[in-house]
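In what follows, structures are represented as structure tokens.
First chain A sits with chain B, and in the next complex the same chain sits with chain C.
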Partner chain A sequence: MKKTTVSWTVLLGVCFVMAMSFPAWGAKTIKIGVIGPMNFVQGKGHWNGAVMAMEKINARGGIQVGNKKMKIKLVKADSNEFLNVMDATNAMELILTRDKVDFIVGGFRSEAVLAMQDIAMDYKKIFIGCGAAHPKLCLRVAGDYKRYKYFFRGTPFNSRYLVKTCFIQMATVGAILKKVLNIPKVKVAIVAEKAMWVDPMIKAAQGFIPKMGMEVVGTWRPSAVATDVTAELSAVQRTGAHMIFTTFSSSVGIPFARQAGELEVPAVQVGINVEAQKDGFWKATQGMGNYVMTLNTYCRDVEANVLTKPFVETYIKRFGEVPTYTADTYAAIVYNLAPAIEQAGTLDADKLIPIMETREYLSPGGTVGYLKDAEGRHLHDLKWGPGYLTSLGVQWQDGKLKGVWPNRWKASKDAPAITYKGIVPYKIPPWVIKKYKK
Partner chain B sequence: MGILGFYLRKLFNIVKREMLVLPSRIVVGLFFLVLLLLPVVTQDPYVLRILVLTSIFAILAASWDLLSGFTGQMNFGHALFFGVGAYTAALLNLHAHIPPWGSIPLGGLGAVLAGLIIGIPCLRLRGTYLALTTLAFPIILMGIVFAFSNITGGELGVSGLSRLSGSRLSDYYITVVVMLGLCTIMWKITDSNTGIIFHAIREDEVAVRAAGINTTRYKLLAFCLSGFFAGISGGLYAHFMRIAGPSTLEVSMSFTVVIWAIFGGIVTIYGPVGAVFILFPLLEFFRFWPEYRMLMFAVIVLLTLLYMPDGLFPWLRDKVETECPRCKIRNVATRKTCRVCTAPLD
Partner chain C sequence: MILDIIISGLISGSIYALLAIGFSLIFGVARIINIAHTAFYMVASYCIYFGTHKLGLHPIWGMMAAVILVTLFGLICYKLFIDPIREHEAAVLIGTIAMAIAMQEIMLLIFTGDYLSVPSLIGGYLKIFDVKVFYQQVLTFGMALLILAALWALLMKTRLGLAIRSTAEDREVANLMGMNESRVAMITMGISVGLAALTGAVIVPLTTLSPFMWMHPLIMMMAVVVLGGLGSIKGSFVGAYILGFAEAMVVFLAPMGAYLKGSVALSIMILVLLIRPEGLFGVAFEEER
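Let's turn to the complex of A and B:
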């Protein structure tokens, strides 16, 4: 009797396990690894974007692969790459060998992405980089196509274009100052945080600003975590600078904007101020960060195309903030991977690559296309410029972050003028007008 | 056949009379065996990757112990040796096309040179002052790396290096065998006359000098030896990761080595090695709870050091072995009398 009970129990257990695992027999999912510094805002952007993509694709039944629909499953991997590059490579190997992901999106720190890139290439898995801007990542594709062809840049466009966009925005504001305030030669003060990544930008700015018909009056390098920058601001004020070219990725962006507002330093701020890209900037500067302008990817009410608004609004609704550029994992999955898989009818990376490298498609940030180098070799690097990705220039205007660039921007004399929907005119701070208006 | 039989008998006698008499020696023997036979059980690339990196850092941690533990030259900038080894190996491999078996030892020699360069100005310093000065050197080198970015690759580092070998399995055997070999050499050094002088310098440098020993020479030797082993680990790291970047010189790297060594128990060589083999895979294991990964790691290290201030392995060893009060030979804790001099063990 006891023996019979045990047998029945075992049989029932086996049936239960089989029933539970039955759905997995037929419906294989597409596994996408999302790798990034998950305890930092950049990694959170990676993950949030990917979650939105998964929800959108799975809601419509999945991706059509040949004659079956496959849903997406995300695998989160914390690369911890800001603190430890090795951790990033271990995480990459873990998701490739244990979780057996089919594709990977993410990565941020260039040194870590280079190391992760090698691992993804070893396993011949498509890796869409969504954070690192260094050109070398894509030069590797052209240099050794057979090995590195599995890497694509998803966001942002490479750092050379990033600098170029900053200079164009500076020139645009310079032209406005000249026109409105009748300033014959705009004086520019370069203020950049003490960080390695800024050094080449400063060198480029010092060389390029005079070529734009403006004058460099000095360079200041406050600490990236400085809480008081009045000394630098007083020095800038004494030089009679009309414009401050800022390069801040750290917390110094807040005290700098706040104290410049408090002192009413008669110079406009243009460049990169990562803190000013965040919703909390206005509160953090107690409203003194008014009129600060920075480079950005997304902004409320600004539409690069028809896909921008739905993406930004859904993101804000879902996560309570405007997406950062690393949230473009969404575009990488929804507009790059998914259509390519559907077109190829397979998950085979080698069959997807020819489709991915030649497709041009609309994404919330703009039209995505991939570059070739001068010799015609595939780079898998993003196209920049009118008709493609350009990014935005945004300015704080009375408590709201507004898009101010591109506004009737012409990339060349004959090129058509570009203005994104929702772009408003750039505003010069009243104390600057008061000081210089004749 | 006769010669083979002789050596087999000799090996058997050594194992029986020297190794099996003490639990710590049995554990070391098992450690060697497990590492060498592990691929028979699993060849999972992720597991092998973690063990390759663990082996590389075990060399680094042991080399810190050789300098700071044994000789007392507190080095808070050990990443310098690691970084110099990594960059030297990487640049030689990339530009001079020297294969890993040549570039890695040359990386070690590069680190010896770095050991001499920092050893000479540091000879006059002791304790906190020495620690703070050594801390500055990797930071200075990082500045140089960024200043000469056309050679060093700047923030990206030097990438595209030759692989250590053709497969993960051979990478594993290379690093494990090198680690076991180098750690044994380090242990033998500390057990030699030179090692005794290193000990003595740490305990009372003036007394050593009064005994007519040139302590300057020995301290420099410690810097160079430690630099060489750390440089080898840097070279192995560069070829395994196929990149040598500024992260190899980061302050966190220097402090991680110190944490490993203190956790395992300094002045032991085996302590830091064992600590790396526990802590490095443990940090990977904690990936299941990424938000609290570092916190859990810190709590374990803190609790261990709170209850085992001399480190984990000396604490464990003292639990299973006792030292004879007369002849200082170690015995199993269960013995009543010393296995050599038969003195009673209390």
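Let's turn to the complex of A and C:
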């Protein structure tokens, strides 16, 4: 009798351990981990985009996986990556081991995403990066395909293309300055936060700006979290710069724009200022961020294709603000993961990868396709250019964020001019006009 | 460029001085290393934001309310968390770190990590020898000088100041002479936190609010205090301007390394300490004691 009781107890114990160890057994949901700095706008974007995707997919009954429909369940993971990369790696480890997610979307800082990427690769889980721009993330895929093939870039395109788009936008604004203000040679000050993703962009900018017929008058690298940049602004003013090429993804974008506006620094700001992409920028700069221009993915009233407007308007209705680019977790789930799973009929990452790396599809930001390197190796990096993703140039104009680029943009001499629906003309700040107009 | 460096240095030096003086005061009197000092400055900044943006108060009223509320909050924190462990310096150090992190997390919960700001008390700028300076910066500079003068008057010309100085000189003798040392420490804590809140009030229009905004000033404030000599108010004042000028010089002379301005300032502190381990005014302070 005693022996039977012991046997039953052992059996029950084994069953319990097995049930705890393999919670995915017989699961009817697809678990997607959403990882990002959840207390910050970037993480909120990750989460909101994923929530919209989940609601959309679950409303239609889920994703067809073979002969059964599986609904999506999201698992939120706060990477706290702005403050501590270790927190990000711990969060990644936790969603993979404790929550046993099937896929991961998100990540923001390149430094943190590189570390998180390794963990996701250890567990052979597909990780779609929706925030980090460093090329290394995808160069790793080509360099060691067997290990890194599970990583895909979801947004934004890599910093090489980011800087290329910025140069095009700089050239556009430079031409306007020359024409309106009769400036023979536009002087450019490069102001870039100290962060890993910016390093390749600065080298490119220093080399390419002179080729565009402009002059680089200096480069400043304030801390990404600097709260006072008046010294940098004074130094920029001393150089007589007409244009400031900004590359900010962190909080420094706010004091820079605010103080430059308040001091009426006679130079237009073009480039990347992630804080300026958000609805809260106007209030955060006390309205001093007027005329700041930045690269962006979405803008109210601007349509890159037929999917843009429904996405942006639903997002605004649901969350009360325009989506930032990290909200492209929506596109990563709805237009990338879900169709690939339905096509493969499985959640097996190794079977999904060949489909994901060859598919081309329309998303709210543009057409998504994945690149190969010069040797024909898969990079899982986003294609850029007309017909694919181009991003937008947006400018704060009297309290409203307006799309100003592409406006009759020709990618090459013979290419057709591109203007997205809802684009308005660029405006030069009045104090710049006052300073230079003869 | 020299003018730019002087003006930038004076302004950032004033900001550091405001913070470091309050920190020095409580250390000098009660031997309390209050790591949460800049966290009180952060809380005051959020109070001002809340008062001006959520309650619709005029910035001046918002600032006054913030200074009073944060001072009271500081006194409560002192009574509850610091006073019972005051005799154990290491425990105070760890306790105040915990307090600062708790304040940060509470602010993060309430206001999230979104970057916020409040309007300037006086908008616009003036030109000093062709260098543009915000009126708010001039105000901060003036406030730093005013606060220092007021503090000097308080310490040197009042009975309370006498009590504070004698407690700083020798706690036990002050006690034997009938002074309520514990009360003096509490009042000093109130003045110190009030100074942190006041710093928040004058600086907040120049900065960006985030729950982590207390960290960088803490490092710089500690550097200033160590450089000037622990507990020396005069040392804090001088140290603040040395580091302020060092930062400005880095930005203007090595623009590509502008992000290193904090590191350069800290290196200067280490260099000074190698030559003079007690800090710039450490000996004078000890002699005063």
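One rule holds in what follows: the second predicted complex is superposed on the first by the 329 of 438 C-alpha atoms of A that agree within 3 Å, B and C clash if a C-alpha of one lies under 4 Å from a C-alpha of the other, contacts with A are read in each partner's own complex, and residues count from 1 in each chain.
Heads up, the rule we're going with is that a contact is a pair of C-beta atoms (placed from the backbone, for glycine too) under 8 Å apart; a residue touches a chain by one contact, two chains touch by 3 or more.
The structure displayed is predicted, hence computed values, not measured ones.
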Considering only the touch criterion stated at the top, classify A:Gly218 as touching first (chain B), second (chain C), both, or neither.
second
Counting touched residues of chain A, say whether chain B or chain C comes out ahead.
C
First (chain B), second (chain C), both or neither: which does A:Tyr370 touch?
neither
Touched partner set for A:Asn39, first chain B, second chain C, both or neither
both
Report for A:Arg258: first if it touches chain B alone, second if chain C alone, otherwise both or neither.
second
After lining up the shared chain so the two structures overlap, which partner does A:Tyr330 touch, if you call chain B first and chain C second: first, second, both or neither?
neither
Examine A:Asn84 and indicate which partner it touches, taking first as chain B and second as chain C; both and neither are also allowed.
first
Is A:Gln237 touching the first partner chain B, the second partner chain C, both, or neither of them?
second
Just to be sure I read the superposition right, which of the two partners does A:Leu94 touch: chain B = first, chain C = second, or both, or neither?
first
Which parts of chain A are touched by chain B and by chain C alike?
39, 83
Using the touch rule from the top, collect the residues of chain A that touch chain C in their complex.
37, 39-41, 82-83, 193-194, 218-228, 230-232, 234-235, 237-238, 251, 254-255, 258-259, 262-264, 275, 280, 283-286
Within their complex, chain C touches chain A through residues 1, 4, 7-8, 11-12, 108, 112-120, 123-125, 131-134, 137, 206-208, 210, 212-213, 216, 247-248, 251-252, 255-259, 261-262
Touching chain B in the complex, chain A uses residues 38-39, 76, 78, 80, 83-86, 89-91, 93-94, 97-98, 110-112, 114-115, 118, 134, 136, 140, 196-197, 199
Taking the complex as given, what residues does chain B use to touch chain A?
44-46, 49-50, 53, 146, 154-157, 159-160, 241-243, 245-247, 252, 284, 287, 290-291, 293
